[in-house]
Amino acid sequence: MKKIAKEKLALLWELLAHKATLYFPLQEDGAVNFAPWKNGAQVDFGVNSIVPPKNVFFPQAETYLRFKTGAKRLQLESVEPEEKFILFGVRPCDLASFNILDKIFLEEPTDGLYAKRRRLGTLVSMGCNEPGETCFCTSFALEPAFAPGADVMVWDMGEFLLWEPRSTKGEALTAVINELLDEAAPEETAAAVRLRDTTAAGEAAAARQRGWNTEGLQEALRGKFNDELWEKLYHRCLGCGICTYLCPTCHCFDIQDFSRDLEGERFSCWDSCMFAEFTLMTSGENPRPTQKERVRQRFLHKLLYFPSKFGLYACVGCGRCVRKCPVHLDITQVIKEAGGVVSGS
Amino acid sequence: MPVNLKLQSFEPLIIAFCCNWCSYAGGDLAGTSRMTYPANVRVIRVPCSSRVSSNFILRAFQRGADGVVVAGCHPGDCHYTSGNYFARRRFLLLQRFLEFLGMEPERFQVHWISASEGNRFAAVMTETTDKIRALGPNRKLRDTR
Amino acid sequence: MRRIGVFICWCGTNIANTVNIEGVTEAAGKMPSVIYADNYKYMCSEIGQSMIKEAIIKEKLDRVVVAACSPRMHELTFFKTAAAAGLNPYLVEIANIREHCSWVHKDKQEATGKAIALIRTAVAKAARNKELWATQIPVECRALVIGGGIGGIQAALDIADAGFEVDLVERTPSIGGRMAQLDKTFPTLDCSACILTPKMVEVASHHNITLYTFSEVEKVDGFVGNFEATIRKKARSIDLEKCTGCGICWEKCPSRVKSEFDEALVMRKAVYVPFPQAVPNVPVIDRASCRRFTREKCGICRKACPAGAVNYDQEDEVLQKKYGAIVVATGFDILDLDDFGEFSYGKHPDVLTSLEFERLVNSSGPTGGRLLRPSDQSPPKNVVFIQCVGSRDKSRGKPYCSKICCMYSAKHAILLREKYPEAQAYVFYIDIRTAGKDFEEFHRRAVEEYGALYLKGSVGKVFPDGDKLLVKGVDSLSGHAVEIEADMVVLAAAIKAKSDAPQLARLLGISTDTHSFFTEAHPKLRPVEAHTAGIFLAGACQGPKDIPETVSQASGAAAKAIILLSKDNLLSNPCVSEVNESLCTGCLSCIKVCPYGAVAEKTIEEKIHGKALKRRVAEVNEALCQGCGSCTVSCRPGAVNLKGFTNEQIMAEVDAICL
Amino acid sequence: MKQLSEILKEVAFGSLSSGEAEMVIGWQKGPFWWQSFPAFITDPGGTGSLIWDPFSVSNLSKYLLKEVPEKKIALFLKGCDALGFNQMLRDGRVDREKVLLFGIPCDGLVDPARVEAAGLSKGLLQVKKEQEELIFYYKKGQRKAPARDFYYAKCLSCRYPNPVIYDQMLGEAVPCQPVERFADVSKLETTPLEERFSYWSRHFSRCIRCFACRNVCPACSCRECIFDLAEPRWLGKANELSETQFYHITRAYHVAGRCVDCGECARICPVGIPLAELNRKFIKDINELYGEYDAGADLDKEAPLLTFKTDDPDVSSGS
């Protein structure tokens, strides 16, 4: 394992930015979000980003096709990403969300643009030193301070960052910046392991106490389609898109055209199952006519349909919806109310 | 090559929404009187200045207009009695709001031009074109695609 | 996919000299949905129009764009062309490449580029044009005339003579109005009553006219061709059928109040006819001053009435009537002179308004036409007439000219001399305005034949001085201060709108100007129509006027009403607003901004999640809507749209014009 | 004196058990100290879970657009909520006969971000308000601090702490001590044009188009919003800055003269766009140009964009 002194970080950023586009959690007007690093940008590792980094692979809007219509001929031109990039400072929960997005976009039929971006991107994950109040990644068998899928794993140890390459991409990246790295001492490496254990234990305990237990949840939700739980929950939903747009695992999109005269482009863009128009059909029929059906869909999708199909929950416990839902209608309530078997304490 | 030389070759696109009864007719009169004004100005005919929605104005900026003019009957002379009075409130607020957001106030103008003011129509369009040309291309609400 | 045809006109050399016609035609041919583009020297000519018609049929065009002169010029021509080829006219769009392009630009390249942009815009709009149809609105073939002065009388008679039923509603007990108060009329010095009375009688006897005196219009609903008015017939307390007009009741009546008709110069009884020639010649009981009603005593008139016509228990009657057209002829008032203390009006009985003077010279007036000073019943020798009291006076009165004062003051000067050849008339004036047939001659007669002394200047003050009045003024021509010892001072008080004109305007849904005169639809071209279709204006309610003007406007209004009533159906302008009920939120902002009262609220019932719910939405009355589109902008979700200028159409125009 | 939260439970119980109301909308507490959220109670027995605490910030009346009662819905209104209710009433979106309004005087609510910024959130279990103070409860011990230091900025400039409409008022009216609400707008107005443009561009670039600002707004009560329409599609879905500008300009413009300045849009914006400044720019201009107007309070005045005076100030012709 390597380490890099904090005072060398500025050099590191420059070196990396030189190599590829460098996405960082940057602070702007008090809001932290992933954005391409520029000299002078305010890097903030203190809190997780408001918008999850999923937009790096799955942008909110993405043109994938340009067209020209002329004298009875339609010309098409596809668009592909070419840019290499490094996503630095992804939290383990968000990194785990890429596994979930992969199920959608990498399995057949593959989303070529997503796949290409996955190939172009190098993921540097930063372990959490202290899970947030609303964190519950451990409820989904994740660890706050460790991301198995990362190309490089880093930990903030105060004076320095611990740096552990974990894939060939990670090794390659490490090679580039090797001059800035030092070997970590064994006790420093051991501290990272301790950090992994304590954060995981702490968060798990807090989540258990709150009743956010996912054990047997999938089973418990089966057959709850017509449960009065939904009737109880949906009333306060404002129907906004905060939960879905801030969710690292939500992946629904719409396809739209933009055109000027005879030219234009076709793009995909985020959509939200919380919006009434999401399921509105051209005929005027809407199979999810009220917010109740929409709320139910969102939660059953994450906690029942997705795991039934892909074998894992479509939630990583990042806690964004818990924090940002203006009416506190978040997934933890469903977990709690629908009730996995309460185990442990 | 000096930069301002490039600026001088810039020709702005100006969209004018003109009410059918006064300003559009004023534009017709400018034509009948063989007055001239820059070809940068293109007119969309509407029944009344009160038919012009902020949506259309913003859309014009989105789609590449460098300046937008709404022209209607003089207050008090509205063909529909009161349309331009409502328009006057709507547009004054919109104008100040766009400026608040950082848009140059010259880019969105409202003029009252009667059917007999062909000369005024030509003068307003000429002046507006000159002003906007001097400001340079508008990027502020423009859709960059 | 649309099949749009574009037809480009050269307009001889008018367009072709500045616009590259071939280039434009080629460019038009490549525009979206355009399947046919051609040009011709004169598109509006027979041959040009045939070209369009043939192409519509042969190429199965479903939209047509004509790039030519202003739509204000030939839109209708091309509408008809399209219609002749079986295409709905509203599927035609005009690109104005003459007035807005070839005539105002010099550079051929620029003009050609702009012409292409304008055509592309018209094509984009045309692609979204929809077939529109004028709807037929049945017309109720009856007219309502509000106001029974000479304007209302004339309008009622004209409409009735044309064969339509007319209801004439007059607020006071008799028709006749201001003209009935006058003695002679300028510039002919006809006796006012002599020419008015026969018309009043004609109204009363006309088989097509129903007269409602002592009645008021309380409410008007509906729209052109289909108004519904509520008329309150106030309790007259006298049976119109039984009364013979013998006059015993008012002879016997013990209550006396100031006569409105005689400008409060004399008293009338509580049961009264306002003036001897009144029509109907049936008294009313003024319940506010009748002892029977104020003190629950008395009953003399009922006892005295030989016909048994007095009925104290009579109640107001409220009628609902339908009309196709309404003529408003409610007349004027005289400016209140409270703010003109310097003239001592109201303080000295010999300071009069012109209208009071008019009563004093009138043979049916309080002095039997002998013109005596109210103070001592003596004949006046020196009479000072002061013009523009409150007229052309922004600060205390009205900024406008009252129009008739110059002439009636000349008339008064003449009448004065006719009654008393020794008397002297002095007229203080700002300007003398005599624009009218024989007006200037009449004014000169007053000066030259009747010796009236005209002084250009203002009067500073009128002092009571013993039994005389001392008038201090300035003769601005000589620059001297003038003092006149007068026996009588007559003030030409400004004409103003009826004080309740704004209420009536609201009730009718018409508009008033800043002085509360009703506003005509267009000051030049539609001077007798109100903004609201089907409502017409006559006389001084629209602005100061003399009798001949009032009468001609009344006949004009009547003619307009007759045109309307003579149609079985009205064809509405199809470019009107419509409401998408599913989008309508029911906030009713549209109602607030509609200048025509064309939007109303209605309740619809719909099923939401299995429950039947009622909700309110806006509804456009196509007959009232004039198509300004203000409502569409007030509507946030875009539930109100203007046919012919829809959101979709204008947005497409914007997109296309910005290319 | 009885605690307001107790009175609230009582009236809620009363209105349900008497059958006058078929539903009560109030607030309930979530697992965290800062979570108070709207609760919909139909069973009198459930009214015990209702609370009133310094985090009961949600405006409950907006839910009247969705709930379709046969009898009445009872709900609680703070001062700002009452203005919003009135605006909805004016827009014809609620039926006054179908609601039972309990007014709650409110001198301000606590912004959790301020508690966090003050370093008081770690291990915090509960926050209570007593008189003018907040009491912060931890596992071990408690701390006190002046309540006003933690109020939302919108509460500090509140001019209607006491509801202007209600059927029954719960509790004593509180005094009003608003700070100047246009300070931010005025400051921005004087900054250079380009700076202003980049200020707003920066903020708008963060917008994720979740529409929370619209959905929470009591003046945004359209059945179908212009931004959701597919035909015509006024607002594209590409999240272009230009589209986002269109969205925010139009949103603010649509509530101009109707915005009750409750500040909810800015409060719930997940990415911190100062939306209230947009609304307040319109309010300030309206006040300056057409006379003071408080939407939701000035019920006797016509809405400023639905009326005019012939001598209104003219639109500048851009010179």
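Order as written gives the chain letters A, B, C and D; numbering starts at 1 within each chain.
One rule holds in what follows: a residue touches a chain if its C-beta (ideal position, glycine included) is under 8 Å from a C-beta of that chain, and two chains touch if they have at least 3 such contacts.
What you see is a predicted model; the values in this text were computed from it and never measured.
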Each chain counted as touching subunit A and subunit C at once: B, D
Furthest chain, CA centroid comparison against subunit C: A
Subunit A-subunit D separation of Cα centroids, rounded to whole Å: 30
Cα-centroid distance, subunit B relative to subunit C, in whole angstrom: 35
Intercentroid distance (Cα basis), subunit B paired with subunit A, Å: 46
Multi-partner residues of subunit A (at least 2 other chains): 258, 260, 290
Junction residues of subunit C, two or more chains touched: 593, 609, 634, 647, 651, 655, 659
For subunit B, residues that touch 2 or more chains besides their own: 54-55, 59, 63, 82, 86, 90, 143, 145
Pairwise touch network: line, ring, star, complete, or other: complete
Subunit D residues within the subunit C interface of the complex: 68, 90-93, 221-226, 229, 231-232, 234, 254, 302-303, 305-307, 310
Residue ranges of subunit D touching subunit A (in the complex, touch as defined): 30-32, 35-40, 58, 62-63, 66-67, 121, 202-203, 206, 208-212, 214-216, 228, 230, 236-240, 267-268, 270-272
In the complex with subunit B, residue positions of subunit A that touch it: 63, 258, 260, 265
Complex contacts: residues of subunit D adjacent to subunit B: 185, 188-189, 193-201, 226, 234, 236, 238, 240-243, 245-246, 249-250, 252-253, 256, 278, 281-282, 285-286, 289-290, 304-305, 308-310, 312-319
Residues on subunit A engaged by subunit D in the complex (per definition of touch): 28-31, 33, 50-51, 60-61, 133-134, 210, 235-236, 238-242, 244-246, 254, 256, 258, 267, 269-272, 275-277, 290-291, 322, 324, 326-329, 332-333
